[in-house]
Amino acid sequence: MGSTWGNHLKISIFGESHGEGIGIVIDGFPAGFECDMELIRRELSRRAPGQSGLATGRREEDEPVILSGLLNSATTGAPIAIMIKNLDTRSKDYEQLRSIPRPGHSDYTGQVRYRGYNDIRGGGHFSGRLTAPLTFVGALCKNFLKKHHNIEIGSHIYRIGEVFDSPFDLTLTDRELLAQLQMKEIPVLDEKTAEEIKETVINVKSDLDSIGGVIECAVVGAEPGIGSPMFHNVESRIASMLYSVPAVKGVEFGLGFALAGTRGSKANDCYTLKDGSVRTKTNYNGGIAGGITTGMPIVVRAVFKPTPSIGREQKTLNLVTGKEENLWIRGRHDPCIALRAPAVVEASVAIVMMDLYLEAYGYDAK
Amino acid sequence: MGSTWGNHLKISIFGESHGEGIGIVIDGFPAGFECDMELIRRELSRRAPGQSGLATGRREEDEPVILSGLLNSATTGAPIAIMIKNLDTRSKDYEQLRSIPRPGHSDYTGQVRYRGYNDIRGGGHFSGRLTAPLTFVGALCKNFLKKHHNIEIGSHIYRIGEVFDSPFDLTLTDRELLAQLQMKEIPVLDEKTAEEIKETVINVKSDLDSIGGVIECAVVGAEPGIGSPMFHNVESRIASMLYSVPAVKGVEFGLGFALAGTRGSKANDCYTLKDGSVRTKTNYNGGIAGGITTGMPIVVRAVFKPTPSIGREQKTLNLVTGKEENLWIRGRHDPCIALRAPAVVEASVAIVMMDLYLEAYGYDAK
Amino acid sequence: MGSTWGNHLKISIFGESHGEGIGIVIDGFPAGFECDMELIRRELSRRAPGQSGLATGRREEDEPVILSGLLNSATTGAPIAIMIKNLDTRSKDYEQLRSIPRPGHSDYTGQVRYRGYNDIRGGGHFSGRLTAPLTFVGALCKNFLKKHHNIEIGSHIYRIGEVFDSPFDLTLTDRELLAQLQMKEIPVLDEKTAEEIKETVINVKSDLDSIGGVIECAVVGAEPGIGSPMFHNVESRIASMLYSVPAVKGVEFGLGFALAGTRGSKANDCYTLKDGSVRTKTNYNGGIAGGITTGMPIVVRAVFKPTPSIGREQKTLNLVTGKEENLWIRGRHDPCIALRAPAVVEASVAIVMMDLYLEAYGYDAK
Amino acid sequence: MGSTWGNHLKISIFGESHGEGIGIVIDGFPAGFECDMELIRRELSRRAPGQSGLATGRREEDEPVILSGLLNSATTGAPIAIMIKNLDTRSKDYEQLRSIPRPGHSDYTGQVRYRGYNDIRGGGHFSGRLTAPLTFVGALCKNFLKKHHNIEIGSHIYRIGEVFDSPFDLTLTDRELLAQLQMKEIPVLDEKTAEEIKETVINVKSDLDSIGGVIECAVVGAEPGIGSPMFHNVESRIASMLYSVPAVKGVEFGLGFALAGTRGSKANDCYTLKDGSVRTKTNYNGGIAGGITTGMPIVVRAVFKPTPSIGREQKTLNLVTGKEENLWIRGRHDPCIALRAPAVVEASVAIVMMDLYLEAYGYDAK
């Protein structure tokens, strides 16, 4: 029951890493929206491994086939279903993993949960590849929110290993900055960080190892008063969606965990008037107070753990023999999954924002 | 639409800080469970301000009145409704806040969202006081999970300001340790930390200021194979509930944000046999892989921001005059809300675990 | 998990026939609505047994106590919780029913479902008394829909035993007619039917028996284009809510079951212009086509079975002895529950319409 | 937001009558179930128009393509996605319907709801063709429930026009009877009825007209104690699903609308022991009391309106000219959609039963 989400925009994701393909059904998207398929493809290619040598060698076109819900390139109001075919699969790489589940991956938990019937090839339905359909939906939502509500959603790589980019200015209003980040191969605020990141990842890769990272995402233009208190507040919903992305192990808003060491006299965002609008002078709360948008940028960070599939020797259990043995994972894997995460994080946030706007404004979210 | 939650266990919370009272309806709790009302009262009193002088001066008995769902102290299977009356309210403290919304609080966002009709007294429905009914449900779930599944849920204060307690050993199995933490006024692992925390909070209070903190919570005894991939995975659900607690601005599992600086060769939890059961040697994933429990302890941390209501002068906007002015918040407030949070964090986690067990095992969660 | 409902307006009902009372939490109702409490009380009294001698002798004031969500008689946007206390209970009437479950009632199924822990007094949570809080919510929604969307919802008793009232003209537009029906003790279109109904019920009562009936409800003023295809279409949602009312065993729209004997050339409602608006000349589809409102009146009928609690001798099983024996149900019961059903049917329909308008228009349903 | 359904089994339907195809995603189906694809194909072919000349001339193979969720013909626990391609479409038939919406169909309401962007070809997403994926899911559920819970679900045509079949004996226990009905081209209890039905439909067809009908469905073998009171009771859930089937305008259980003319002394189903099990002597409540199964057969009837697409002249509005004009619908249509409905009704009921068993028993519904 885990692959269906939503209150107003409902999405139902399907597929496996090494099956026919992956896809999604999107229910509740407003009718009459002209999808910019180029923009959607661009977002999908931001998530795709790319040619940089910093990612998995698996090459997928990730061309979304529209199964329903579009007519003459406009949404009809009926569910939008898409499918992305799997083309470059090498399933023999995964045969042994039934008996020796990969550490840090879903192999073992998936087997217990589904009594051994789960498709274990490439992680099956647990694969990071499932973020491609999520990126499709998110790109559609980003496209809509920008056109109808002048909302821009962008992100940068805030940290990889011990390399840190500058953080966002929490009070940023520069939509153009966010738009430009989306065009970069390695989206960072400080240009020099990009090189350091590349170096780090190359080192990690040559060690047959992997490394984690943090993505920082900002939403500029969300109006105040969106969301609700308690269980469906903006933070709950964004966090819930971000944690659906495989490898995410932490989510924080505004100052986040640093608030533990901060006094109220600093952390409180005092109000002021700016160009006739109510704004806060600082934005340590990340654009959300009482679970509801303040009108300031929403700023959220998500940490991605290092890819669990590594080539290095790992001593782990063989479930069949009951003995520990050395495992070397072959297959083609990303040394740093966080590098490909910005489009996915933006998509996740965009889906939630779309759902919130549908809740606030009804069928057409206008 | 924000105050109703759940898939299998459904809860619907109501009430305001300065209204008649606060309460909750719990739908789907198994029939025939003998509630230990003493245990529930103890959990409620852990959340209550206490006599230490470290918390708000507001004194509430927090005695839950059972409105339905119990007969001869056993659950009947029908919805359990409870109410906690508000006794010690001083609403005149809040009159001016319509025009001068408190920084960092829901006053402004609530007004925008509800077009000025929200009950602003004491934060109304946004108040931290709403965590009392949540604690009631959580205590009920903890009680059930312990009795029927030998699951123990406990927590400690990991950080207040610059004072850090030792973190949990991520592979802990000691249920007794968790049980004992629940009996402490200031639950910490290192005794000396308690004194340092008190000192910090007293200092902050004398400065008419507030301070944030981090609670670390562990679940020992959850079996492997609970949860689902994608949107309703264990992390998504726990994070979503924790973010429903006012003041939470970050949630992380296992190594959490530190995974950004960790290599896969370390972060991966390799499997082994222990007493005939599959276990991991380390637990950097915090008991969850692929969104599903591994059978290792679930370890989660949540950061609480400093209480936004502080006595210090704050220069902020008067919405009526359009001018900034100095605000001194009177009323009775906690200098460190995190001190009262352990019971609430445990309750939040317990509610999610209960929901997951109902999903896995059906009506009776057995 | 059965007592919580809703997508946009969420309601969570609680209470038992012979417990402390009954109540409901309403989440998602727009802020700033001034409730007409007199109107709500009138609706509750329409559902109450009345003084006619045609209903149960149990006398309840059914005075709703507001627990939350209202301030200065306007909704605040926070959940509205109400409770109606049980005052006139005589629980000793029900003692024997654990071993001899009443035929046609929930006594047996409730015991199996809740393993004997259900509150069996007066039917517990299964009691028809639970329709009082439902009527409260429905009255609130009717009030809102009338004020903001000029929607009138009314009903009449279409059939009791072999007495038939005239059916509604399916193309009716007369809001006043619907309003007047709400003021009648026995709401019928043909005055003489009222007397025949009384006679029928008196006869049935003197036979210590009970009788069924049909309520026909109409919604005038719903605009076209509300609802969605497939699972959440208007008929599905209204039917789902009506079947939640104890004793309902059938629901039909427009011509309903008579459509089985009707040809398409008659059943099709052809379009025309009326006062510049698109209307249908007939309305055999009951105001709904493709699951979406047409702008014509929504007409729905629900059948209520005869009250299962009757004084006549019934030969049924004693679960303890395993022998059949004669049962005479004492207690105070309605000879014809359908007589009290019009307010409940209207309330059920109103709740669904409110949910649909929130979906269509967002937070404020305007 | 209308095409996604479910609490435990979640389904998300997509597609249009004249688009690429139609399909469905099924989330939450237990892992390790070996699908009998032959049985599923048989159910799909029962729904398909057949060769009898009594149905639409459109010929579709309705071959379901599995997109995900199956491996070596067993379910993996991941979402099962299927697609059925549209092969025999003639979309030019539908061009004029934007300006002259077909009476009784969704053309007008769909245009209002989706502001003219709906795919109107063949009814688009509103088409009866969407019942094919529903039948797929239902067949899967029937298969599961029979294998694991010995539940048989069958139906017959109870009425077409003025031809009535014998009704089910409400206390039936004969699984074989239900299984045999599934093998018949025109499933009726009295053989002679089949001929009368054919005659009726041929007459109607030669008149370029259509006719309605009633399907009666029975579930034998459901255990007592399944379901919940109030909003998610068995009747609400079954009715809600049946109303999702296009053309259904009425649903009733047990004696249904006839209960209006029935006294309690007859309608009450008294308990008895049969082969050591608690049973009722009669079953006028249709196997459900208090919203929960009694262990007796669940008997439900649904009325299907006459197909709105008819060849006869209809005088209706041209939205463009604002004038009424004569419409003759060409295209290929069923004179009696009810003939093809039995498999769909059984599927709808099976899906709900599956959802209820998952709720009662957890992940594996065992």
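A, B, C and D are the chain letters, set down in written order, and residue numbers restart from 1 in every chain.
Rule of thumb we're sticking to: contacts are C-beta pairs under 8 Å (C-beta built on N, C-alpha and C of every residue); 3 or more make two chains touch, one makes a residue touch a chain.
Everything numeric in this text was worked out from a predicted model, so none of it was measured.
Student: Sort out for me whether A-D or A-B is joined by the greater number of C-beta contact pairs.
Tutor: More contacting C-beta pairs are found at A-B.
Student: In terms of CA centroid distance, which chain is the most far removed from subunit C?
Tutor: A
Student: Can you give the whole-Å distance between the Cα centres of subunit A and subunit B?
Tutor: 26
Student: Where the CA atoms of subunit A average out and where those of subunit D average out, how many Å apart are those spots?
Tutor: Comparing mean C-alpha positions, subunit D is 39 Å from subunit A.
Student: Return the residues of subunit A touching two or more other chains; collapse runs of consecutive numbers into ranges.
Tutor: Residues 1-4, 7-8, 13, 78, 113, 125, 229, 359, 363 of subunit A each touch two or more of the other chains.
Student: Using the touch definition from the top, list the residues of subunit C that touch subunit D in their complex.
Tutor: 1-5, 7, 13, 101-106, 108-110, 112-113, 123, 125-126, 130, 159-162, 204, 207, 209-214, 224-233, 235-237, 239-241, 243-244, 246, 248-257, 259-265, 267-273, 278, 280, 285-286, 288-294, 303-310, 312, 314-317, 319, 322, 324, 338, 359
Student: For the complex, which residues does subunit C have touching subunit A?
Tutor: My answer: residues 7-8, 78, 229, 358-363.
Student: For subunit A, which residues count as touching subunit D in their complex?
Tutor: For subunit A paired with subunit D, touching residues are 1-4, 6, 8-10, 12-16, 19-23, 25, 27-28, 31-32, 66-69, 71, 74-81, 83, 113-119, 124-125, 363-364.
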